[in-house]
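All remarks here apply to the structure that follows.
A, B, C, D, E, F, G and H are the chain letters, set down in written order, and residue numbers restart from 1 in every chain.
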């Protein structure tokens, strides 16, 4: 190659690289936006769930609905990402997209749990990332599992903040069983999903915190020969404003 | 188990562990002694090889002999280690023994190279670690290779310190070719011998240093239309005390 | 290097690589089994005393099937080379000891001995220079069991079992004073032993909670 | 988790594991070949110009045999998943590009182009979503070549070849100014590009040494 | 280098060193004062309600004397350089905010606002390019106060003050929900906020204990 | 270089090695003794008040035998080199101070002073350039004692000793406010001092528990 | 917490994000310009003295266009916050100073002063609370220039310019002794200053080479 | 805690702080002096032989004035605490030894001995528990001198001094073989010693250049 042809070839490389960099930057930005929306949705859920309400089910439904509404903003961003992630591009930029998707799954599964007391399935998540024409981009197994792992941390916060509320104690026990189930279900995937092992130990940590909270409640109630709900009522009487 | 039987069992463990620890400490000490002897042997070799002498071959033989004499102290230590490393114990304490063995191989192969301009073979090394009753303990492939890798560093020092002496220049070129050969011969073992990859890059470094030294000599001599030996003689005339 | 020498070295290397590959395969299987066992044992924290025997019974066959693995590994290892390869499966075997010890305690309230652990894992005396259960690995297993018990004690109380804390406290204190007799090096075992102190403290606090509330009558240890 | 869901996830996972294992096997072979090639090319530093063609000829068949590997890998990868797996062999393919580019320079004094590199490695246009040669890997290969040339230039002079430095200096300057046109991210390529500066400096110093001593006549670049 | 230029450069460099030394000295003093304040406030845990006002009165002068420090620091800082030096005293100022907020609560049961905190510390509006109280530092101070209140609540009950838990519970709940409305970045403040829920839980437990023991008459609070 | 000079330089360089080996040996012994002492003291947590004196009596001789060690170390150290070698045994000596202080409290309820600690360990005034007890090490020992007391308080209540928490609470509060008056650098001691806060909090919670249940009558501190 | 207060706190917390994004954008542009300038200046190493003025003239407009950037950044920064954001562009501005200083030397053989550097970059006195050129960044730029000159000196000789080494040697010696007079902290500047020594040594060796060969007549410095 | 005891503890802690501050101050002065000395010595590279004595004479008073510093430091250090504080000034003292050794060589061609170095720095035998010159620091100083001489040799030739290379070559060879006789530990000193061979090689190259050009008459040296 002559000097000029070398420069011409590198000119072409520059264009390729710039194009790739720009796309990467756009996707990072989109992913960050999704992350922010998801974090806000999670905060919103925590906030509403702690409100005073006579009907816990209704409150949960309202919280989930608000969370999902917030998350619909992410849906629009995902839709806009479709052309950037078509064909072999998805895997090329997966690392950039992943953080947003995982945070989204965390928020979505939190809303789902609050409403249904159950884990959202892989297919259910994939269905929300797409429209009538099919998925905007494929959902990876690893994003799904890592997003759910983060859910356990939020559930821990949920259980502990909730514990002082009326009905918070049985809820804490329920969350405890649920997180225990998640942890053991995910165990088999650990050797094959990067970073899952780290997240499992965070989950183990959260689980211990929930267990400690449930224990504290059980122990404190144990001195009284009364059913827990009556204890709750007594406390409520004293502390109600 | 009752409390007392628990304590009795742990008493047994203590004895086992203490015995293991003591043996480990003894072997570490022995290994360290061998390392020190070997380092001294290497220093000795460097020192003698730089002495003034009319006959380079004789000087080399004397250096090698002194080095080997120093190393005979290590032989005694190896002999004393035999009972500590019998049967499955060798692999149990290999990690403790390894540093000394590697340093020994470094020194021994240095003496060998100084005398024979050649690499000492695996069998030749194993033969020096043993007596009429056979080896004191097995020589591992990895110790052999890692010890030789360190040799290249000493050869670099040897070549560079030597370069100013009469006849040092062809020697530097010879060492250069030798180290290049070592590096390429060891390459195939890299994926299977721990730490060899790190040592190979140290070797690459040493090689570049030798090359740079050989280059400097070639370039400086290139301005004169005289054979190198004559240049050496001229310089010697000027600088001889 | 002399080409003949090179060939010899290569032959040595190839042999080692072969051994290593065979073991790797077995360890993968071992890991899978251990993961299943640990997964089931995770349920003890939500299992009431009455259902415990059934739960433990369901683990036993998987645990016993580890004997196939130990046999295969022992078969793959050249004489005298136990210590050369053992790091490859030490995590798995520690987990297996952990499981066996936990089952033993939950079933009988007693401490699994080292020979009994070897037996459960099907390790045979005559393999000694190719496969055995080193004290260190056994002790790692015990520490893991205590870690788990310190969590179990909390959940037992939550489930209304107020007797368990005292029993576990005594059991763990025994093990703990056993450990204090050992002269451990500054290694992972030492660091994990330090963690026992926290477990013990945690268990003592549970005993405190239930005894303070007169949920159980405490008698001095020993 | 719903047992049916779990099963589905497991099926997904198993499929991926299968792909990964197949690739791993091929990459091992790739590594071996590359190691042989790089080993032979190490001899350029002690090879006089006249024997160079023979040395280069001896590498070619091994290099060409890499086509079998790329074909096998391409066959193992599901459609559109090139970027998912490529990190597994990027070290090997960069080394292969390095070798091809070095041979090209030493034979013809010219720069290996990206399409030519692809061709030598037998990479086919229709594999595009399963296997291709990304610009980054190609550039890494070039940088490795320059690293090697900066060492070669020194040894060439030692062997009495005083013309080579100037030639390599011009060649490397071309490549260097090509690189300066690129907007590299703060990644490994950027860091390695920084190393080019040192290579260039080293080469310039060799040119300086030989020109100062009038061993060669230097003409301004361009 | 021109000697005059050199001198100027050196003057610039030395000036910075001078500023830094002056601030360091003041921060040392600040630290001392803060240590005294925190030391006295440590006594709230064993002080009955009736003696509290006297205790708080004894801290006030020391706290107010911090104004000398802030004035000195503000005086030492060249115009516009607040952001250059602020990390040097952020620990001290957070502790001062903590103290002011704690005193405010214990005296009036109310929450110290950011402008009020600035005022207590004598921070003047016209210093704003040299010294101000950043939101982050104010919020850190509040969190420390909640940490302390969760300890105080326990000791108040021990001393027979059964009203305090309800009051603190409401106060802390209010702060907690305030924090949930803030858009915190993922930094140390976020992490410390996360810890508030444990304080809240601890306080709730005390409320629970006290309520159930009917140690407080059942009547609408506030 | 003058051979005589060289010899002297070599002698200076080699002397240190011998000293270090001698100390290492003694420290090993020291460690063993300390481990035994700490092992016995571990039993305080399950020892009822009445048997405590006997337990403490059983440790004293071992503790006093540490004097042999300090004497040997002092003998091994060249004049004026205390500060060169002291890090080698600081862990052991801190543990010894911890033991002495714990025994002192459990026996007399009083705080071990620095001179008294030196005396117990047999450290002699005239060794002061070779062996002494630095303030830092003494304070580390006290902190370790408080750490242990926070565990002891829980176990004392379990054993029905409801007076101890109040006593320990007062004792620890006293130490705590002592520490707040000290001018600690930002080092490990400072960090460990922070841990005192947690111990104090734990102890206060135990006092809360027993006083809430009217198991003891609480009077305000001092 | 008062909702109005909350809103204000939130506003304070969120304002910063916008500023940071605006600066980031400008810094990107700055980087691009700097890369172009440095790219062109890279050609000095192969440019004969006669063509140098033309080469330098071609860079000037790009360098001057950096004024737009500094103006935009200054506009984006809130009053008094220079020190909060300056790290974001310090790499770019050091590179710009480097370029300006190199051009100055190659054109006039003189050293660029700090005020002149500010002027070239269009930095205005009245921005001083939002944008200025700190001494440290100016000095970093000078060091980079010396690094480049040590490479340039080699290439100048290659191109037959035997006068340059002596001139550069004197210029660099002057700068070097200037730096030794400065009171540098133990930071990155100090470390880079150490690199000057190597550059000076390299330059001196070139002077040695040409003087040894009588290619130039050397007169003692100053 | 007994207030009297507390006061004593605090006095002990504060005393150390005082010592440390006093030393810091002196070390700052020391650094300044050393910087001046090294600054002047930097001129040897452009000073012809004839002006060398005058240059060296101009450094001597500054070097001797370091005695004030060593005296002050020795005065600030409590008896027996040399080893506690020595790291604070080891960089400065190594630089002072470097300067003294360089001056000694340039003046007399002889090697500065350790006792002579102590003497120049005014270190007194009776301070030995508070201030002395450790072998390691002395040797570091010598190595720095050799580093400087390898640069000096090049510049001496540039200035037409063709005798110096032979003299320095012999001097450095002597030092080098001296170092090979020492039993150095694997520390920074060992690593720096390793660098000497490059200095030696550089010097030899100059000797080679000069000899071959017959710029020095062939006659027996010394």
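Just so we're on the same page, a contact is a pair of C-beta atoms (placed from the backbone, for glycine too) under 8 Å apart; a residue touches a chain by one contact, two chains touch by 3 or more.
Molecules present, by chain and UniProt name: C, D, E, F, G, H = Translin.
On a predicted model such as this, the values are computed, not experimentally measured, just so you know.
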| item | value |
| --- | --- |
| Furthest chain, CA centroid comparison against subunit B | E |
| Matching chain pair for A-D (criterion: over half of the contact pairs shared, by residue number), options A-C, B-C or B-D | B-C |
| Cα-centroid distance, subunit B relative to subunit H (Translin), in whole angstrom | 34 |
| Separation of subunit D (Translin) from subunit F (Translin), taking each centre as the mean of its C-alpha atoms, in whole Å | 62 |
| Rounded Å distance between subunit D (Translin) and subunit E (Translin), as computed from the means of their C-alpha atoms | 59 |
| Between subunit D (Translin) and subunit G (Translin), centroid-to-centroid distance (C-alpha), Å | 35 |
| Residues within subunit A bordering two or more other chains | 188 |
| Residues within subunit E (Translin) bordering two or more other chains | 177, 181, 209-210 |
| Each pair of chains that touches, named by its two labels | A-C, A-D, A-E, B-C, B-D, B-H, C-F, D-G, E-F, E-G, F-H, G-H |
| Residues of subunit A defined as touching subunit D (Translin) within the complex | 1, 3, 6-7, 9-11, 13-14, 16-18, 21, 87-94, 119, 121-123, 141, 144, 181-182, 185, 188-189, 192 |
| Subunit C (Translin) - residues contacting subunit F (Translin), complex | 173, 176-177, 180-181, 183, 201, 204-205, 207-208, 211-212, 218, 220-222 |
| Residues of subunit E (Translin) that touch subunit F (Translin) when the two form their complex | 35, 38-39, 42, 45-48, 151, 154-155, 157-160, 206, 209-210, 213 |
| Residue numbers on subunit G (Translin) that touch subunit E (Translin), as the complex places them | 1-2, 5-6, 8-10, 12-14, 79-84, 111, 113-114, 128-129, 135, 138-139, 174-175, 177-178, 181-185 |
| For the subunit A and subunit C (Translin) complex, residues of the former touching the latter | 173, 176-177, 180, 183-184, 187-188, 190-191, 208, 211-212, 214-215, 218-219, 222-223 |
